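In the two complexes below, subunit A is the common chain; its partner is subunit B in one and subunit C in the other.
Then we have the complex of A and B:
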């Protein structure tokens, strides 16, 4: 039986609300907003900030609306003098201890604390800063910087790291004034199990969590006449970067983005989607080979670097299941500094590869010590020494950092007419676009694997069972009698559910796609801080729309990828591919 | 030699973990007993990592616990402990003066603000700590010396009590 609705009175007006809600959600459902700095629906319920106070008739004290369940007959007031004063005092106390660096803070524009303080009319903080404690800033990670001095202890990051990602790299430590969010023995994120996904950073209401900023290095390279600076852009970036320029969520700005990057001064504007198509060729053939040769199954995708580090920490036993394919970002770097350098006769030492990613973990991936395959390729021919060593990908910018550079250069992004990517590494198919959404890599792989195995054209390219924002999606694909069960997970706590079976050799699937972030790359830790709570489905729709608009929608149809095989790589899984496009993984923790 | 010692500690730890398996609050008990095992009543990195693995608890959570409770030590402790209560009742009745007196008495440097107070003499004989509350508020302010509570203290009384104890135990 469905529970009947509750009759409540909010600010003097009667409402019928769903049972089981907290006061805050019930109020928001009827259009009354209550400010909060810690609550996140369905995610974080720490009752830490004390901003969401409301007055409930009959209750002695003011109630925190985020954790107080709504009851039948309740009379709630969200805007009384008592409520207002209490909220303001609590906010002023938070502000008293908060650094006043708003002008130069990374989150200056997007800070929730600053916004709430402004909205609540705080123009003066009456309380002086009493605490002299200065916490050290954790800069150990190549992806994320943590500044506990700016932290208001809302607990969102701890909550996301635990519930969404099941990583639990960070937790509170100490008590009273010494409280802070930190890692084991304050060793820093780099020594922890942190997978660099940046979901913590997306939910942080202040500037306590930010990405490692690489824009200065990129500017320097762009103005260096001796360097040939090329850029690659991930699929999910074009579905979100418009939000940074006050465009609505879901604005498709591929052509504007290409033009803006050319204006910034990149010598060539290329596309990670080119190497996404390349990834499908390698990974598709790897899957076929594993199926035909009774290799390790299920095979699991390897594009998401957060997931790779997660597996290395928590599931070292299943590493042989992970495809040996590098991610599209890394394939791009390796190809740009070998094939492209050769074809256009450019000294690979002069090529700087900048990648723009929706992701903070990609910064870590680019700096993995093994990601120097182009250097190894040239070492003999060019007589390179140890000190000449270079990475395949030099700098990784998040969507936000790229937007900042575009703003800094005075480019009026939303008014650009739009241009195309450069050839040949800017050519891509629709299969590559959908890498940006959870389920996309799987769908792209099936499109190719199906046609390679059957030799016939696939009639329906859309696999709707693999689309959408569900945490785990499954589907059975029939390839001329060969029935392939496949699964897709996004968010590492969802991935965990599938991995247990893989570890126990009981997984019913042949192929599994895992994306670290909820929604896939479109919800990545490097994406814009969206004021639109519905940004993810809109970005997703944009990605599928771009796929529909592409004349070619299957990776093996990409003419530039086919030329790459003809002129350089020979064939998928060939000798050169093995050296340049494939990698290995290693266990990060001693077994018990 | 170090390795042998480690293995010995590990087996001791295993015993403790098995003893408290599936009991409520097991983690606190395990950590408490582990601390007792240590000659300096102190928890180190390695043992905590081991407990984390064996109890399938994230190390970040373990660190949360051991930094929250003042009972747990991350620094080697002196043979004798002197604990000043810094709870509200003791504070209003002058426990800050007691702490200041003891810091001076032992010649410690003032601890940094926001840091947990845990000061040990160079000869590793005495450790001075604070606690949030002993639950002995009616007797405030209180000081605990090696497990005995001394009530309604003031610096003069404390001086008279502590002098002979210290002299006796210094030997």
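Then we have the complex of A and C:
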């Protein structure tokens, strides 16, 4: 039975609203905005910030609109003197405890606290600074910096880490004014179970959570005439970076981005999509091999580094299920510093690989100790010593950091005409584009696996069951009688649901794609802080549009990848691939 | 086996020898009449009366003689030997009489022996509830009795029960909230230590009324004896078929267990308490949903305070009508108060609702320790407020205290005299709340801290008149916007002192003077030369060598060095140290 609508009075006007809503949502639905610093629809109901107060006739205290359910006949006032006074005092109290470092804060433009304070006309904080003791800043992680001094204890990060990601790396500790969000025994993020996904950072209303900034190092490399600096750009970046330049969510800016990066001074502007196609070749053949040779199934994708660390912490038993393929970022670095260096006769020690990613976990991935395969490849030939050691990928920038560099260089991004990526590592197919959306890797893999196994062209390339923002998507693919059950999960709490069966050897699937972030890379922790709540579906649509625009839409059709195999790697899963494109995983110790 | 017991105590504290003397005298009389094997005489440490001279209590007749003179000793002894009635002209008639419901068995029975509790009418309430009334009528009876929560807010108990009873759920819970934490309050502790079965019976009745299958005692771990006694009570109740499956042969089943609180004050708040039992961080949660609808593990849960539950067995066995006779129109029954502070006889007092503050503090507890006037009384602990002496004749009930800007709270009552500073007192209470704030919501976490800083500023002589405006502004936000009762009421001590003693604040701010001589930064100690006998005691005792001079020249205090500890003032035998 459908419950009937409730009639309420908001600011003197009568409305019919859906039952089960909180006052705040009901008000927003009828066009009345109520400021809040802790509430996020569908995620956080901490009721901590005390800004969203409203007056409800009959109630003694002011009510938190974010958690107070609508009742029939309720009379709500959102803008009275009492409400305004209380909101302003609370905000002033929050500001009294907040460092006044807005000018040099990473979030100065996107800070919700600053915006609300501005909108509410707070021009003076009458209370003295709250805290004399400063909390140390946690810089242990290579991905994320935590500054508890800027934290307003809204609890969004704690919620997202536990409910969306089921990681629980952070929680509240201490009480009263000593309260803070921290890691297990205050050990710092690096030694916690944090998977570096950066979802916490996306929901943080202030600058308490930011990425480790690597732009300085990249500028230094760019200005160094001795270095050959190449850049790779992940698929999801082109569907989102426009938002950083006030373009609407979902603007496709691939060509502008390539041009802007060239203007920044990168020697070559390449595309992670090239190595995404390469990944599909390796991963596709690995799947085929596992199926044919009765290997460990289901096979699980390995391109999302947050997920890899998650598995190493929480599901060490299923590590053999994870594809040994490196992620496209790492494959790119290894190929750029071997094949490309060789082909164009460039000293690999002089090549600096910068990757632009929608992701904070990629910073961690690039610094994994085993990710130095190009160095190992050259070690003998060039007689390299320990101190010459270099990573396959040197620096990882988030979408936001890249946008900041473009702004700093005075490039008028939205007015650029657009240019192409450089060859050969800038050539890609439509299958690589869709890596940026949840389900994309699976879809790209099926396109290739199907044709490799059957030798026939696939008629319909779109697998709609694998598209969209649902947490878990499943599909059955018929490859000439071979029925492959596949599943796709995004958001680690959803992944957890599939993994239990895998661990118990009961999983019905042959192939599982797991993306750490909700929505896949397009919703990654390195993406712009979108003012548009509906940005994710728009970015997704853009990605699929780009796929449709590509003349080639299957990875095995990529001419550059085929040339790579012909000139260098020989064949998928070959000897060189094994050394350069594949990796291993190991159980991570529980902290303490 | 003795037929009678005589308790003897001289209630004037300085005359312990007098007790001994009277004891020997009394015993001699009995011996002479050869009654000493029938009547036992005991010297006791406390008879519950103070300043009433020699007190003699006869048990089990419960006759009390006070201010007994030597010549009367023989009369009393003789009346006992001859089994005569009490000597009317000597019997003590108190001005105000305590009425013990919650404390009815405390000190009378062995709390670790269930048989003694049963012998005093224990578990008759449960029997009546199960076999005569049934769940709905139990709630009806509690409604008639109109008992309100003794934990602080005074919410009608029957309403809580009724909500939980009406919700259909495969499991429900009842919880006894024994997380007593107000500074100076120990009512619940005394009940749990003195009569744990009364609380357990109340909890079982509550569970029966709402249909709960599991009961929890949430007790703070700092009450080890209480915990031990509840444990024993629960075990005994299981052994006697009062807990477990098919209680008293009925179809009602209930399991009970103890959960220890780790000492956070805020865990006395219902929703925080629930979080704590669930094993989560003890922070409050927004209401609604109220625990009676959605509480522990998301199931309907009734949470009652110790004293509330201790009243339930009698309310049920003697009936709601009987209970409703006691107390005032809106507040029924009795209330236990822990009277402490500058009071002559501190301790627990249980009295019918509607007694005045003066009756409690002056008549029952003997007024101030110094004999001087009472300045104010703080009721309701850190969430309560200060009530000035001119309002001492207010009858105590939930509504009246609220009107005065205080609350009933759990029953803490702290007496203050002229030496207590009305800026320092709220500073203490606010400091307590700031320490105990869970830190979840901004108004309480930051607001309390800011207010405390303003109070510190004022007591240190750095105050400005504007600070009073800030104090009121923050109080407003805390009251209106805090998530739980702790934050909503934490500013009450400040607001009530501002209401009744604003002059004292202004004196601190404008004249930089603490009228009570309490705020160190605002006091100066000086040697009065005329009175000084140059004994040097002050100089010897000064911990920071701030008193210079010698027996020839005399002594003076070096103000820059003085830490205002007051040691010199205390040790001077000639009142030659001046404090202002």
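Assume the second predicted complex is superposed on the first by the 588 of 592 C-alpha atoms of A that agree within 3 Å, B and C clash if a C-alpha of one lies under 4 Å from a C-alpha of the other, contacts with A are read in each partner's own complex, and residues count from 1 in each chain.
Note that in this section contacts are C-beta pairs under 8 Å (C-beta built on N, C-alpha and C of every residue); 3 or more make two chains touch, one makes a residue touch a chain.
Because the structure is a prediction, the values reported are computed rather than measured.
S.K.: For the three-chain arrangement built by superposition, which of subunit B and subunit C touches the greater number of subunit A residues?
M.R.: C
S.K.: So in the superposed three-chain picture, is A:97 touching just subunit B, just subunit C, both, or none of them (first/second/both/neither)?
M.R.: A:97 contacts subunit C only, not subunit B.
S.K.: Where does A:192 make contact in the superposed view: on subunit B (first), on subunit C (second), on both, or on neither?
M.R.: A:192 contacts subunit B only, not subunit C.
S.K.: One more residue to check, A:184. First (subunit B), second (subunit C), both or neither?
M.R.: A:184 contacts subunit B only, not subunit C.
S.K.: In the overlay, answer first, second, both or neither for which of subunit B and subunit C A:175 touches.
M.R.: both
S.K.: In the overlaid three-chain picture, which partner chain does A:433 touch, first (subunit B) or second (subunit C), both, or neither?
M.R.: So A:433 meets neither subunit B nor subunit C here.
S.K.: For A:202, using the defined touch cut-off, is the partner it touches subunit B, subunit C, both, or neither? Pick first, second, both or neither.
M.R.: Neither subunit B nor subunit C is touched by A:202.
S.K.: Touching subunit B and also subunit C: which subunit A residues?
M.R.: The answer is residues 171-172, 174-178 of subunit A.
S.K.: What does subunit C use to touch subunit A in their complex?
M.R.: Against subunit A, the touching part of subunit C is residues 264, 266, 281, 283, 285-286, 288, 434-443, 445-450, 453, 470, 473-474, 476-477, 479-483, 488.
S.K.: Write out the stretch or stretches of subunit A touching subunit B in their complex.
M.R.: Where subunit A meets subunit B, its residues are 131-133, 168-178, 182-185, 192-193, 592.
S.K.: Would you pull the subunit A residues touching subunit C in the complex into a rising list?
M.R.: Those residues of subunit A that touch subunit C are 45-50, 53, 61-62, 64, 67-69, 82, 85-86, 89-90, 93-94, 96-97, 126-128, 130, 152-153, 155, 171-172, 174-179.
S.K.: Show me the residue ranges of subunit B that touch subunit A in the complex, using the header's touch definition.
M.R.: Going through subunit B, the ones touching subunit A are 45, 48-49, 53-54, 58-64, 67-68, 112-116, 132.
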